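Each of the next two complexes has subunit A plus one other chain: subunit B in the first, subunit C in the second.
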Partner chain A sequence: MIEPALRFAGVGKSYGEARILDDLHLEVAEGEFFVLLGPSGCGKTTLLRMTAGLQTLDRGEIYLRGTALSPVPPEGRNIAMVFQDYALYPHMTVYQNMAFGLRRHARRRAETDAQVRKTAALLGIGALLERRPHQLSGGQQQRVALGRAIVRDPALYLMDEPLSNLDAQVRATVRTEIKELQRRLRVTTLYVTHDQVEAMTLADRMAVLNEGRVQQIGRPIDVYRAPANEFVAQFLASPKLNVFDGTLERAAGTASVRTAIGTFAFPNPPSSLGEPTALRVGLRPEEIKVSFPIDESEPHLSVRLIEPLGSQVLVIAERDGTQVTVSVAADALPAEPRRLRVVPAGCAVHLFDRGGLALAHFISA
Partner chain B sequence: MMRRFATYAVLVAGLFPLLLPFYWMAVTSLKAKRDVFTATPQWLPLHPAWDNYPLAWSAEPFGRFFFNSIVVTTLIVASQLVLASLAAFALARFEFRGRRAIFWLVVAALIVPVQITFVANFMTLARFGLLNSYLALVAPYAASAFGTFLLRQAFAAVPRQLEDAARLDGCSGLAFLWHVLLPLSRPTLIAFALVAVVAHWNDYFWPLIVTNNNAVRTLPIGLGMFVGQEVTTDWNLLMAASIFVSAPMLLLFFLMQRYFVRARLHTGIRG
Partner chain C sequence: MRLQSDRLAAARPYLYLTPTLLVLATFTYLPIARLAEMSLHAPGTGASLGPWIGLSAYQKLFSNPLFWRILGQTFAYVFASVPIAMALGLGLALLLDQPLRGLGLLRALYYAPVVMPTVAVAALALWMFNPNGGLVDYLLHLVGIAPIPWLVDTTWALPTLIVIAVWKNVGYYMVIYLAGLQALPQAVLDAARLDGARPLVRFFTITLPLLRPTTFFIGVVALIGSFQVFDFVNLMTQGGPSNATNVLVYFAYQNGFAYMQLGLAAALSLVMFALVLAILGLVAWTFNR
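And then the complex of A and B:
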């Protein structure tokens, strides 16, 4: 087996009684863009800081290209980090900010100069080298922070929510740039975020974390299609996952789940699904098929609220205390819809047991 | 417009009582002895007596006093900057047992009038036979609670992420203090150094107590020697001496004030 670029082996961290990270195992391949996704307080930033050497581990070990990192001080780890607030030195010019680490690592002046200019050209900040951080826009500061990481030519990039201080428009631009840059440089990257869009768009693979534990590891599309548990499904849903209580009904060769908003039939019922009759059923707003009946006699939900998002519209409907949020294409929405019906066929259904563990994912027949 | 005018009117009015003593000092320094006290105030020196300056300079060994004042002030301020920086660094950026207690002791030291320490310090120095030495003038002021407090506040305001970034750049401990904290705290350092220089250049009481020898006396003592040692005081010579004693401070303040403003503009610390 080839040693992965980065390996977390049973990593644990506690603050007093609180377990921040618990027996964490992860492997990141050479050149991979790996995203740690999770809510604030899930331990993802702690993991990043431990990798950088800014915090110590209580248990386990982190290996970079097969070398245990614990005995190595931060400056010896050949790791560069991009911080949430950029952490540029305010009293230094852009050039000095980028050159500082190289000079501290005792590179020669001429070599440093060449590296800094090459990296600045790569990032399109060559004209800003003599400016100071406070004279730059947020996007430019972010680029300098990236430059400071790249210029060192490290074995690993760590990025701690690097886009969270940018406004929406710049964020999308810089996100694309980061992705392109990483593709080009092929440096192993560990990227922390709480934003599922960033995780989905950037990651080669990702790990979803909650309360110090890995919930699921995989390619974004696989995690999205088959979330391992209700938490992951919920976290990757936008705006939110619809969850209903359901009961499993089996007949000869067929199976279906009955919920308050409709009954969803399995296309080919899996035999693995035991006999838990009480289930939790998750449906993402964008994965529910709906129609807007005019006829009042059809069973339906009453539309409560409409939230236009541009090309998509969120419709919130309710019946007998059961609420459902669906996302539909704006041009498929009739003027002033009053009634909404869930079409049982063609919905992506996620089944969880009472404890939230995923049992099956299927497109209803 | 009216508001601006009113502001300046107040400022000018406030300036007048501040500048008057300086003006009177300058005018008196150029008067003949008989013109110092007159029935009607003499606002301009009618016959400027430039001779007062060389006379005053040679009345006491002012060359020696100048040298002593420069040495003593420089040693005190340099020592205060070094010790305050190191103490503030520890108090602001390290976790250790008793950190809060020590910080409060520093703050408490701000409240204690310096005169209270004089007797104890004098006795100590006398026992060691160190009176009439530069050490006696410098040692009691080598550390400054005020400077430690000011710098601790400045260092504590530097964001944690900058320290993290510096560590990854191979810059921890004293290198972080030197390359990041101190440059970022330049306005505070300059402001504190200015206050300290002026305070110790002008200090009279402590040097008076621990010196009785011209070899180590400082300028304020030299000025004091004009007063009361004979029956009459040569006020015109005293004022001339006061001019050249205070001139370096006025010059320093004038130069550093511009530097001070510039230093402020250059440190845009983003949170």
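And then the complex of A and C:
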């Protein structure tokens, strides 16, 4: 077996009674962009800080290229970290910020100089080298922070929500830059975020964390298509997952799922699915097929609210206390829609048992 | 109309500043001007001034070798006690800047001398440094060191005074440094660790430069305070033995109120004022560069 670049073996951390992380196992391959995704308080930042050595482990061990990290202080780990609030050295110029780590590793001055200038050029901050951090915009500061990490050529990058202090436009730009850089440099990266869009766009693979436990590990698209449980489905949904109580009804060879907003035909149900009659049915707003009937006699929900997002529009509709949120293309929306019908065929349906564990995912026929 | 209200708006801040300026003028600026006036006149009777004598008070002052000796002693006192107290204050702050049990109690203990009345501190110090069975000499005796005559010896008196002043002030500097340390951005220090900087390097390349505003503030407060040292001298040594602990303010006090040389005392006060101003200017210039 090839030793992965980074391995978490049964890592645990508690603060008093509170278990922050519980028996966590993860492996990150060399050169992989790995995202830890989860809500605040799920333990993702703790995990990152433990990897950096800024916090201690209570149980388990972290291995970097096969070496146990616990005995190594942060100063000796050859890991670079990018912080949420940039954490640049405020009294140093951009150049000095980037050269600081190189100096510590006792390189020759000329070599340091060449390295800093090359990295600055790569990040497009070559013209800023003599500025101080307070003279830079947020996006520029985060580029410098990236540069400070890259210039040292470390074994691992840690990124702690590096985009969350940037405004929306800059965030998208820097996000693209981070991805391009990582593709180019191929340094193993562990990236923490609570933003599912960042996770989806950046990750080679990701782990969804909740309450100190790994909920699911996989490629973003696989996690999106087949969330392991209701929490993961909910967390990857934007704005929110529609969840209904449902019943599974089997007939010869086929099955269907009946809910308050409609009945979804389930082609080729796996035999493993057994006979759970009562279950929970999740539908993402963007994965529901709808129409806007004019005729009042058709069964329908009443439109309560329209939220335009630009090219997409969120429509919130209701019937008998059951509410559903759907996302439709703006140009498919009639003027002043009053009635909404869920088209049962072609919806992506996620089935969970009563405990929230995923049972099956299918496109309704 | 419009113009008038604009003028009023422009004048308003100055209106608000007037009360403070009036108080400062009455109790600070006018006395300084009066001091200058006094230094240029012969002593009169009561509040009135004698005849104009020009700069002869200054001439008299500068030609007095005792003035130069006392100036040197004042500088020695200031430039020994301030850096030592600041360094110790920073050191204590660094020790206390961690999640310790009973931290509040420790902080209070180190701060206690600051809130103690100077008279009490002086009395305590006189007893501790008493050459006839004082605590310090007793402790030295226990480790086999011969008793030192402390405040009654011309060589030892000034250093002893410095030690006592440091002891009294260090808690104040410690508290301010501690506040400065706790306001430092932790992520920046973390970043330096990951950049491979070990504790000593971190202290000199990150912590100390980031504490610059704190150091500047403490430095200014400490310099002004120590140049004005009077009470310890007055309470413990009265400038003695043979002027070994005499400092500028005490010398001015002696001239003005013991020898009734008000013109000389005024000149001395103004010289000191100019000196402190010049030194603070130098400090500010160094820090703002």
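In this section, the second predicted complex is superposed on the first by the 365 of 365 C-alpha atoms of A that agree within 3 Å, B and C clash if a C-alpha of one lies under 4 Å from a C-alpha of the other, contacts with A are read in each partner's own complex, and residues count from 1 in each chain.
The rule is short, and it goes like this: a residue touches a chain if its C-beta (ideal position, glycine included) is under 8 Å from a C-beta of that chain, and two chains touch if they have at least 3 such contacts.
Please read these numbers as outputs of a predicted model, since none were measured by experiment.
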{"item": "Combined model on subunit A: subunit C and subunit B, fit or clash", "value": "clash"}
{"item": "First, second, both or neither for A:134, with subunit B first and subunit C second", "value": "first"}
{"item": "Which of subunit B and subunit C A:310 touches, first, second, both or neither", "value": "neither"}
{"item": "Which superposed partner A:104 touches (first subunit B, second subunit C, both, neither)", "value": "both"}
{"item": "Touching partner for A:321 - first (subunit B), second (subunit C), both, neither", "value": "neither"}
{"item": "First (subunit B), second (subunit C), both or neither touched by A:71", "value": "neither"}
{"item": "Touching partner for A:16 - first (subunit B), second (subunit C), both, neither", "value": "neither"}
{"item": "Residues of subunit A at both interfaces, subunit B in one complex, subunit C in the other", "value": "52-54, 73-75, 79-81, 83-85, 87-91, 100-101, 104-105, 148"}
{"item": "Complex contacts: residues of subunit B adjacent to subunit A", "value": "159, 161-162, 164-172, 175, 179-180, 183-184, 186, 266-271"}
{"item": "Contacting residues of subunit A [partner subunit B, same complex]", "value": "49, 52-54, 73-75, 79-81, 83-85, 87-91, 100-101, 104-105, 132-134, 148"}
{"item": "List of subunit A residues in touch with subunit C within their complex", "value": "52-54, 73-77, 79-81, 83-85, 87-91, 100-101, 104-105, 148, 152"}
{"item": "Residues on subunit C engaged by subunit A in the complex (per definition of touch)", "value": "185, 187-188, 190-198, 201, 205-206, 209-210, 212"}
